[in-house]
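Got some structures for you, see below.
Same chain, two partners: chain A is paired with chain B first, then with chain C.
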Partner chain A sequence: MRVVIASGKGGTGKTMVATNLAWLLAKIGLRTTYVDADVEAPNGHLFLHPVAVTSRRFSSPLPVLVGPLCSGCGACQRFCAFNAIVAAGDKVLVFPELCHGCGGCVEVCPESALHERPRESGTLLRGRAGRIGYQAGHLDVGEPRSAPLIEALLEQAPREGVVVVDAPPGTSCGAVAALRGADQVVLVTEPTPFGLHDLRLAVEMCRKLGCSPSVIVNRCDLGNDQVLTYLHAEAIAVLAEIPFDRQVSAAYARGELAATGHKPLREAMRAVVSKILVHDVDVDRAQPPGDLHRVKGVCP
Partner chain B sequence: MSTRIAITVQRLGELEELMDSRFGRTPAFLLVEVGTRAVTAVDNPAAAAVQGAGTAAAASLAKRGVHAVISGRFGPKAHEALAALGVEMWTAPSGLTAREALDQYLAGGLQRVVVEVFR
Partner chain C sequence: MKVIAFISGKGGTGKTSVVASFARLAAPVVAADCDVDAANLSLLLGGCVVREEGFVAGQVARIRPDACTACGACVERCRFHAIRPLGAHFEVDPLACEGCRVCQQGCPFDAVEMVDNAAGHVHVLRTSVGPMVSAALEPAQSNSGKLVTRVRTLARELAIEHGSEVLLLDGPPGIGCPVHATLADTDLAVVVTEPTPSGQHDLERTLELLRRFGRPAMVILNKADLSQAMAQRIRGVTAAYGASLIGELPFVATVPAGLAQRLAPLDDSTLRPLLETQWDRIMEHRCRQEGALA
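And then the complex of A and B:
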């Protein structure tokens, strides 16, 4: 079962929720993997402190001109939907930041002058944090496209147990890539005008992808009640409302899992767990709490 | 053969149109035959591109046989593409009409963008 923790606005508490949720899921005996898909600013490791981390480089195919075969016909340029190729005389300029690696230019080149070579753009990591499996993607600095790395990261995620995905903020390609294949989508928001604005966008994104998100309202005692009014009007389930607490902030700043020592946060996470767990989860050796009930929400 | 230059403008029209300071996302180009001063206005096919507007706009100008382009700014990828395609880049201050930019260009009053390699 894959639970994706996403948000519209950044800084609402995705990583705080995802890491503490993973901790609680593992604590109650579920086989749990935390996947840091916020590949542009991954920081789940600051709280989970994974060990035995191994890494491998990630690359995707990039066309390169081989030999003096190019006739300058421009077929590659005309084919490229992403404007990543410019045919200039008998040269071909490839812009790696624009290329989506579809391979179409290589196929349409009548001279077979283009070949694909791997181009590195990030690192995939895996390790363990106690009973929690840890996986992450780190996008190289300066890389504009995160989706291919996120797709590869989710490809290697376990099929068993509970997988908690810490998604990137926003509603662009990276966030969409992180949502694909979700069984549950949880949006973390805050009750501010900015939070509401981006929450609306995130809800719209989820619905376009065919998922029904639920929401955690973090720092629920700050700001105004417009987020709750909106959620009520849209019939979106609120899994938990987490009040602002300086102790939680302090624990977070120390790189700790606040739920381990802070009962209100732990109870909030327990409420979330009880609402998101579904019956078909692999509960090998697990002692799931008795109050679990089923909430549906699938992102194809 | 006449020299053809392009000027980025805010909409299709004549030389009285205001320049657009963007290269890749400019709505339109005025193509000017320097010898005859004949003007042809063309849409920028890349204006609304999801990505790569600069490279696509550069390719479209090269295809039209443009020798030089006057704009406000050129992004790094547009710059690289235009340089490879042999199209000169000239920058004009903002707020000019196309005619003012053209006159300054012909009088040698505009700045040519020096070719740098970004990668």
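And then the complex of A and C:
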């Protein structure tokens, strides 16, 4: 089962929720993988402290001119919908930051002078944090396009157990890429006008992609009740309301999983787990691992 | 005129609240919300829309069912997995389509047509601090970088028209294409961060990006008192990148609740003098730069 933790607004607590949720799922004996898909600002490793991390570079195809065959006809330039290739005399200039890697220029070149070569734009990482599997994508600084790296990351995500995806903020390419293939979407919001505005957009995004999200209201005491009124009117389930707590902030600031030492947050996460798995769990009595079939049966 | 962009890497560090505060100190001024995925600046600055224009994010493919024979040539070619079967023919998922036209090029039956992709709107608002440009990208749309460019260009035109000395850009989170589009034409970037490991990690990536873009960087440490140890590390990172820390703001629990009443951090008596000093430092930097040019 894949659970995607997303939000319209940044900084609402996606990573806090995703890492603590993964910890709890693993603690109750479920095979759990945390996937950090916020590739522009990946932070999960700062709280999970994964070990035995291996990495491989990610690349996508980029056209290059090979040999002396170019006639300067300009067919590639005319075809490119992204203004990423310019033909000048018998040379072509490719702008990697604009190229979407569609392969169109290669196909339309009458001289077959364009070939595709891999161009690196990020790193894919794998490791373990105790019982939690850890996977992440880190976009290279200076690279503009995050969606291809996110797609590659999710392609390598396990098909078994529970996969918790930490999505990037926003409602465009990156967030959409992270939401594809989700069994459950949990939106994290805060009860401010900013939170509400961006929550509405995120809900709309989810619905366009055919999923019904549920919501966690973080820092639920720092704002007003408009978010809850909206959620009620839209019949969207509230999985948990988490009050602001300096202890949680302090644990976060120390790079710790707050739920390990903070009962109210652990209880909130327990409520989330029992609602997304559709059955109750006893968090404080850790159960033996290998209880996977139980979850599989209730996956939507 | 100086264009000042406020970015952060990590979301939720307080960019928009800080920009709204500075906009009031700088008024009359022109401001633009470059976070087109989740535009919130107008929620604080208020105002009314005086102009609206549509935003077309390129084109998307559409398959004419009457001409489609379901031969699959398009599916094979599409690298964005945007074409799926629908009954006896194929259809394009407009949210996955990037508009490259490779499917059209490869269709032996000429069944693919390209249609304009209406992906959002750009708004010009009249606010209490001056004109403001904002945008609304349709949820699940791509091409937000292009929309940011439109917002920034329009705001620059307005700033020139109004003789505004500065243009304030409220940037998006992250370090990808919408951020690049925000930075394209800026003189100074102010990074708003927070004393957490995420804040630090994303600050490093943001300062590295600014170094590559050759933009001078200033840093504001928001919610500075939430962790003394992390605050110290943020100061270290800022110094290591040769950026200047222009000020720190304490966490004030009433600020989030105040947003509903359109109260910005500037309305808080503790934060106001700090923000005034920080704004002075930003303006001093601007004067020094202009002095150096003269």
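The criterion applied here is as follows: the second predicted complex is superposed on the first by the 277 of 300 C-alpha atoms of A that agree within 3 Å, B and C clash if a C-alpha of one lies under 4 Å from a C-alpha of the other, contacts with A are read in each partner's own complex, and residues count from 1 in each chain.
Here is the rule we use: contacts are C-beta pairs under 8 Å (C-beta built on N, C-alpha and C of every residue); 3 or more make two chains touch, one makes a residue touch a chain.
Note that the structure is a prediction, hence the values are computed from the model and not measured.
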Partner chain(s) touched by A:Lys91 [first = chain B, second = chain C, both, neither]: first
Between chain B and chain C, more extensive residue contact with chain A: C
Partner chain in contact with A:Glu204 - chain B first, chain C second, else both or neither: second
Which of chain B and chain C A:Ala136 touches, first, second, both or neither: neither
Partner chain in contact with A:Gly10 - chain B first, chain C second, else both or neither: second
Common ground on chain A, meaning residues reached by chain C in one complex and by chain B in the other: 82, 97
Complex contacts: residues of chain B adjacent to chain A: 46, 49-53, 55-56, 58-59, 62, 77, 80-81, 84-86
Chain B contact footprint on chain A (complex, rising order): 77, 82-88, 91, 93, 95, 97-98
Touch list for chain A against partner chain C, complex: 8-12, 15, 40-43, 46-47, 79, 81-82, 97, 100-104, 107-108, 139, 141-147, 168-176, 190, 192-194, 197-198, 201-202, 204-205, 208-209, 219, 222-224, 226, 244, 246, 249-250, 252-255
Contact footprint of chain A on chain C as seen in their complex: 8-13, 16, 36-40, 43, 58-59, 77, 79-80, 95, 98-102, 105-106, 137, 139-145, 172-178, 180, 195-198, 201-202, 205, 208-209, 212, 226-227, 229-230, 253, 256-257, 259-260
